[in-house]
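Each chain carries a letter (A, B and C) given by its place in the written order, and its residues are counted from 1.
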C-alpha cells in the first residue's frame, strides 16, 4: 500500500512523480503529504488544494496510524498562491470569490473531520493558511528556523482555518489578535511558548528527531489512539464547522473589497515571480 | 476631529481640560482615552465610569482605526475608588448595590461590544476592574513596572469584567483561581507568560516603542482590521454578555454582605486619603 | 471537628488510623485528604475511590475554607491500581467495565461539583487519573520532583477526568494531544509553563512554602472565596458533566477491547508486585 518514501530525505523524490506539487508516501505506519513546490516556497495553488483534500481522504481510510503534512525545501508553506486571484472566471470577481469560499470551506472541513492524529512537521517558514489550520493539528513540531506569519489585513482580508476561534483559545485574545489582526510574525520559540507549536527542535537534527519520535508513536495501539483523538476533538467539531462557514462567508466579501483588490494587485505587480 | 494630544508625554496635559479625570485625544488614527487622576493612582469614580463609557461610544464611531486606554502618571489604574461605596442613596445600601451593578454591567458591556481594536497601554500597576477587563482588549502592552492585582475576596467581593470566564480560558483554571480567588499579584512578565499581556517593554522605552508600533498598525486597511476583530470576538459575544450579567448579579449581593461592608469600612478607616 | 494533623510531616501518621489508605485531617481551616499507600506509590484501589468520595462529601460540608489532596511518601499518586482489573464479577468483563465506568463517573463528578477551593499539593510523580482530574482543581502546587504522565493509549485506553476537554483548553490542542494521546511525560516545569500547574517549588522547601501560603489563603473571607470559586466554575459545570459521561462511555468500551485486555495482562505479568 505504499510508495517508496522520501522521509528524512527532503529534496529527493524517489520514484514517485517528481514533478507533482503534492507528494504522498506511506512508511512505518505514517502517511506523509509533502508540499513539493520548493521554487515557489510551497505556495498552494487551486490544484494543490484539491490534491491535498484527496490525499487526506485517502489517508483517513488507509492502514496508517497517523498522517503528516510537511514541505519540501527551505519553506514549510508560503500560504495561498496569490496568482490564484488572477484566474477570473466568466462570472467575474463575484463568481471567483464564491468559488474560492466554497473551496476553502471544503478544504478546512477536511482537517476538522480528519479521523486520525494529524501531525505538522514544520520544516521552515509558514505563512497564511498553512499557519491558521495548525490549530486543527494534534501535534506541531517545528524547526527553530520556522516562523509563523498571517499578514491578512495587509492584503485587506481576514483570518480562516478556524484560527479566529482556536487561536484566542490557545494563546489568549491579546496574543492572537496581534498575530491575526496586525500580522505580527512569531518565531518558532514564541509560537511554542504560546501553545501553537508542540515542540521546537534545532534545524540540524530536526528531521531525525521528529521522525524517530513519530515512528515510536505510530506503534501505539491504533484504535486507542484514534478513539482518543476523536474524544478530544468531537466536543468542538460542530462549533468548528460553524466557525469555518462564517470565516469563509466573511472572506468571500473581503475578496471583493477595494482593500483586497488593491492590495493583491500591488503585491502581484511588485513581485511578478512569486 | 482631534484635540492636541499628550501621547508620549504623560504628565503634560496640553490644551485640553487639564483637570478632567478622563482625557480623550485623537491623533494618527488612534483615539486615546487617558485616566487622569494621578494623585489618586487613577482610581475610578462613578463619574469616571460614565465618562469612559461616553468616550468609548464616541471612539467607536469616529474615524480612528483603534482606541487606546492608558493612565497618566505612575499608575495605570488602581481600580474602583472605594469612596464610591460611601455615597449611599435614600434607598440605602440595597439601592446602592443595585445601582452599582447596573452601572458596572453597562460599563463592561461597552468593552464587550466595542467595534474596533481596543489597546491597553499599561503604564504602571493595574488593580481590580482595570485588570479584569483586560481579557476584552485586543492588545495589552505593559511596562515592566506594571503589576496585575485583583484582591476581590480580601474585600469580601467577587470577580467582574468577564474575568471569571475569560481568565481561566487564557491562563488555565489553576493560575486564574490563585489570581481571582486568592488575590495573587502578578508581575508584568508573569502576566505575559500567562497570556494576559501581549508584550512587556522596558519602562525607559515603553512609551516610544508602543506608540511607534501602534502608529504602524493604524495604517493597515481599516475595514479588514475592524472586520477581523469582529470575526474573532463575535463567537463569544453572547456568552460574554451572559457572564457579565451573572457576575454583576453576584456582586450586587456581595456588596450588601457583612464581609464586604466590614472590609470596605476597615479599608477606608485605615487609609482615609485614598 | 479535627483530628490531629500530619501536615508538613509526611510519613508521620499521628493518631489517626495509620493503616488507612486515605487519611483525612483538618487544621487551620484546611481539610487535607492524603493518599497513604506509599509502598504502592499511592495507586488507587476501588476501595480508595469510595473513601475519597466520602471524604470530599464531608469536606464540602465541614467548616473548613478549602480542601487539599496530597500523597504520603515519594509519589503523589501512580494512578488507577491495575489490580482493580483482576477482580472480575460473575457478569464477566462486561459487567466489570460497566461498574468501573459508573464508579469513575461518580468519582469525577465529585470533583466537578466540589463547592470550595480544591488544592492539589503534588508531592511527587503523578500518573493517570491523578493527572487528568487536575483541571478540576483551583490551585495545583508541585514539587520540582513531580512529573505528569498519562500513558493511556499504551494500555489501550483513553483519557478521563474531563482532561479530553480541559487540557486542550489549558495548553492548546497541540500540547494536550502529545500528552493525552501519545503519553508524553511532562516535568513539573513543563506542566507549569503549560498552565496545568500553578507554581513549582524546590523539593527541599515544598511543604513549608505551600502550607504557609495555604494557611494565609484560608483566612480570607470564606463566603467571598466560595462564591468566587463557584462563579468561575459554574459556567462550565454542565459541559463538564457531559464530557465526563462521554469519556466514561468510551472507556467502558475500551476496557473490553483486545488492545486493553492484552496490555493490562502484559503489564500485570511483567510487574506482579505493583
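One rule holds for everything that comes next: a residue touches a chain if its C-beta (ideal position, glycine included) is under 8 Å from a C-beta of that chain, and two chains touch if they have at least 3 such contacts.
This structure is a prediction, so every number in the text was calculated from the model and none was measured.
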item: Copy-to-copy rotation for subunit A and subunit C - C-alpha atoms, rounded to a multiple of 5°; value: 120
item: Subunit C against subunit B, contact positions shared by both copies (same if over half, else different); value: different
item: For subunit B paired with subunit C, centre-to-centre distance based on mean C-alpha positions, whole Å; value: 37
item: Shared interface positions of subunit A, touching two or more other chains; value: 169, 171, 193-194
item: Subunit A partner contacts - residues on subunit C that touch it in the complex; value: 152-159, 164-165, 168-169, 171-178, 180-183, 193-194, 243, 246-247, 250, 254, 257, 259-260, 263
item: Subunit C - residues contacting subunit B, complex; value: 117, 134-140, 166, 169-171, 193-199, 217, 220-221, 223-225, 227-229, 231-235
